[in-house]
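Letters A, B and C name the chains as they come in the text, with residue numbers starting at 1 for each one.
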Amino acid sequence: MNRRSGTGYTGIPPWIYAIAAAGALFVLLPLVAMVAKVNWPQFIPLITSEASLTALGLSLRTSAASTVSCIVLGVPLALVLARSPFPGQRLLRAFVLLPLVLPPVVGGIALLYTFGRQGLLGRNLELAGIRIAFSSTAVILAQTFVALPFLVVSLEGALRTAGNKYEAVAATLGAHPTTVLRRVTIPLVLPGLASGAVLSFARSLGEFGATLTFAGSLQGVTRTLPLEIYLQRETDADAAVALSLVLVAVAVAVVGLSHRRPHTSTAPQGAPQ
Amino acid sequence: MSTRKHVTFLLVAGALTAGVAGCASGAPATGSSSAASSGASETPKLSGTVTVFAAASLKATFTKLASDFEAKNPGTKVTLNFAGSSDLVTQITQGAPADVFASADTKNMTKLSDAKLIDGTASNFATNVLEIAVPPSNPASISSFADLAKPGVKVVVCAPQVPCGAATNTVEKATGTTLTPVSEESSVTDVLGKVTSGEADAGLVYVTDVKTAGDKVKGIPFAESDKAVNTYPIATVGASKNKDLAKAFIAAVTGSEGKKVLTDAGFGTP
Amino acid sequence: MTFHLNAALAARSFEVSLSLGPAETIAILGPNGAGKSTLLDIISGLLRPDTGKATIGDKVLFDLTADKNVWRAPHARGTALLAQEALLFPHLSALDNVAFGPRSAGASRTEARETATHWLTEVDAGSLASRRPGQLSGGQAQRVAVARALAADPDLLLLDEPMAALDIHAAPLLRRLLKRVLADRRAIIITHDILDALMLADRVIVLEDGRITEEGPTRDVLEKPRSRFAAGLAGLNLMSGTVTAAGITTDRGQVVAGYHDGTAVPGQDGVAVFPPSAVSVFLTQEHGSPRNSFHVTITDLEPHGDQIRVRAGGLSADITPAASADLGLTPGMTVYFVIKATAVSIYPA
């Protein structure tokens, strides 16, 4: 009865498998239910309607842009958090990670009071002729805000695992810190950076609350796929379900991508100290 | 390495649910069921619990009406569930235990009656019209509906898919004014939010919303609003287990006291 | 172009000063935690001392004396570091690893690769040029690492136990290689292995508890160790105390008779040094002419070549297995270590 194929003793009590199966079902069943609800004959027309394609295109564009901003802002943050101890570092990390646990709507409100027309920075930007509210920039800001922690967490972990022995050697070989960063550090943590970027992209793609609160909803400008789904649900449940499935498909592809590690090259050769 | 993969998976899962959860923001159906006994129909004395599903715009008025009703009928309890009308229709269709449904438009009520999920016919108990909401300082100096079409004015409206957006479209057609909104929100609350935060110069919301917002926004009524009058119907849900209490509550809403509460809040009479 | 260093770091109770000529190699010996790696980290700029100064010729590496605050960044020091692990950059080929230094110094890709090829050939690793570090054995990787350090053309080469992680076959090969490339170079090599000191270094420095306890030409230190650590490395017994007419008296009052080399003056600090092979083991007190006899408790017995090494009271004795069996030696036994005075060298500490 308990003669499972495969090798080795797992040490897992049998009843754990039952609960694990229930847990897996809990996640899978809603997806199955949604797939079952899809109006298949209409599926293609529904997801290729102009509104849907515009929303999907906007989602992909803004998510790509926010992933880039996550990399630009997140790499230095992760480096500082992982490598250079300074007073208040734990506090800074806690704040950077805050959007992970914050309801997105709260993020939206916070962004509104920062970049909004009457916000802390927005007021000055407005004077300079830069308007963020109701633009795709606002969407990217909202997505970056919620997605940044994913990149920082991934990358900081990778940086800590890698240690800084290689950097020390590179420096004694005459490499300027910027050269070390470009030619040693970044290549070493590339897998961690890539998986962080993929996660940020996934989170950006799913961003809803902060966008709704901060950016508004206008076809082709600020109405991303999640907002389109939310709106379609008012009138056309079939369209909402079909678009949800598209989002699930994209998300599954992203998860698959982040799990496919080409090679773990960060392990140093020789005996660890 | 494997720990890191697990963390990755959790993060991905988190990233996805955060998005999906946002899409399903509808309030869950309140789980209370009617506690009425079979004897309730024999005695005129009302008792038990009545669950009322009401459009979000009715929150203030129905909360007051419910407590008045409970005070007047000791032993009764009114449980309220507020959400967008279409969300409520979905919930009732999926079997949520509602006794009374009050919709913000006839379209959603028709969906339920077409599905034979209401008892008898719905009665209209209130009307609502659009009003322009502007920040208290009225930065774009809006004074008429036509002003909304001026270049440079940041107008936020409801998306055509939702009732307030449909009403906006009707007014646009009637007046021959074409608006180029900076955002088409999926709920009237979101429109109001953009105005109270000062992001938008003006928004089209219901008269009652302006009233509820108090001095955070300024209301600018416009003559053409009568081109799109929104009617609020109320009905007993077919599956109700306490129809007497449901009918009594509906009577209270449509009666003179109910009318007064609604009128005070800015609603019109049908 | 002499290298001068003096540096103190209170947190690690480290205080060292040393000098190194242009083509001189010194070996740093010392027990674990003595501050050997601290020394290299301070020289290479990875660690900042409290006070001190280091220069190579006119180039100031750091000057933290008085109210000066000069600190040259690691990359601008010209002090290449070769560690126990090869630490080749895993994403670069062997060739590009070696070309890293020249590239960082501003050489073009082609020039850097030419230099790299030269150095790879120099360490007999020319055929490994296109390999990734993951495809190299430990010995091969360390050879490439040597080439990489040399290609950076350092003013001072720092080697931190470069042979320690290598297997028994790879170490001699690398040692020969280092002997060749270090011949006309300034280098500091940290090692645990006396053979490294003998083969590679002109001079030896013994570091204990963050201080230099002994310093001198390798041969002198090994022949006449003055510190217990150096004596251990040289395989000799060492007792320290005050020089007397007949030998020394230790701090605990033991009298050690021995042969004066003529430099020791009674009254000064001195050491008595003798090889384990000169120690005889007896179960009872022996009375004889000029002999030293110490009553000790055996702590360990271990094979040593074809002998048995008996450790007791901080001293060692080498006896034949047959003698050991005859005496029935076991740890915990008390015995007498007896040494002829003529086998004991007495000289100043």
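Basically, a contact is a pair of C-beta atoms (placed from the backbone, for glycine too) under 8 Å apart; a residue touches a chain by one contact, two chains touch by 3 or more.
Computed from a predicted model, the values in this text were never measured in an experiment.
Legend note: the chain whose CA centroid lies nearest the centroid of all displayed protein CA atoms is A. Among the other chains, C has the CA centre that is most remote from the centre of subunit A.
By number of C-beta pairs in contact, A-B leads when A-C and A-B are compared.
Taking each chain's centre as the mean of its C-alpha atoms, subunit B lies 83 Å from subunit C. In this assembly, the C-alpha centroid of subunit A lies 52 Å from the C-alpha centroid of subunit C. Between the Cα centres of subunit A and subunit B there is a gap of 34 Å.
Contact with two or more other chains is made by no residue of subunit C.
Shown for subunit B are the residues that touch two or more other chains, of which there are none.
Within the complex formed with subunit B, the residues of subunit A that make contact are 27, 100, 104, 112-113, 116-118, 133-134, 146-147, 150, 153-154, 157, 161, 195, 199, 202-203, 205-209, 212-213, 215-219, 222-223, 226-227, 229-235, 237, 244, 247, 251, 254-255, 258-259, 264. Only residues 44-46, 73-81, 83-92, 100-101, 103-105, 133-134, 136, 138, 141, 148-149, 152, 154, 158, 165 of subunit C touch subunit A when the two sit together in their complex.
Residue ranges on subunit B touching subunit A, taken from their complex, read 1, 4-5, 7-9, 11-16, 18-20, 22-23, 25, 84, 86, 90, 154, 156, 159, 161-162, 181-186, 190, 193-194, 197-200.
Against subunit C, the residues of subunit A that register as touching in their complex are 165-166, 168-177, 179-180, 183-184, 187-188, 190, 265-271, 273.
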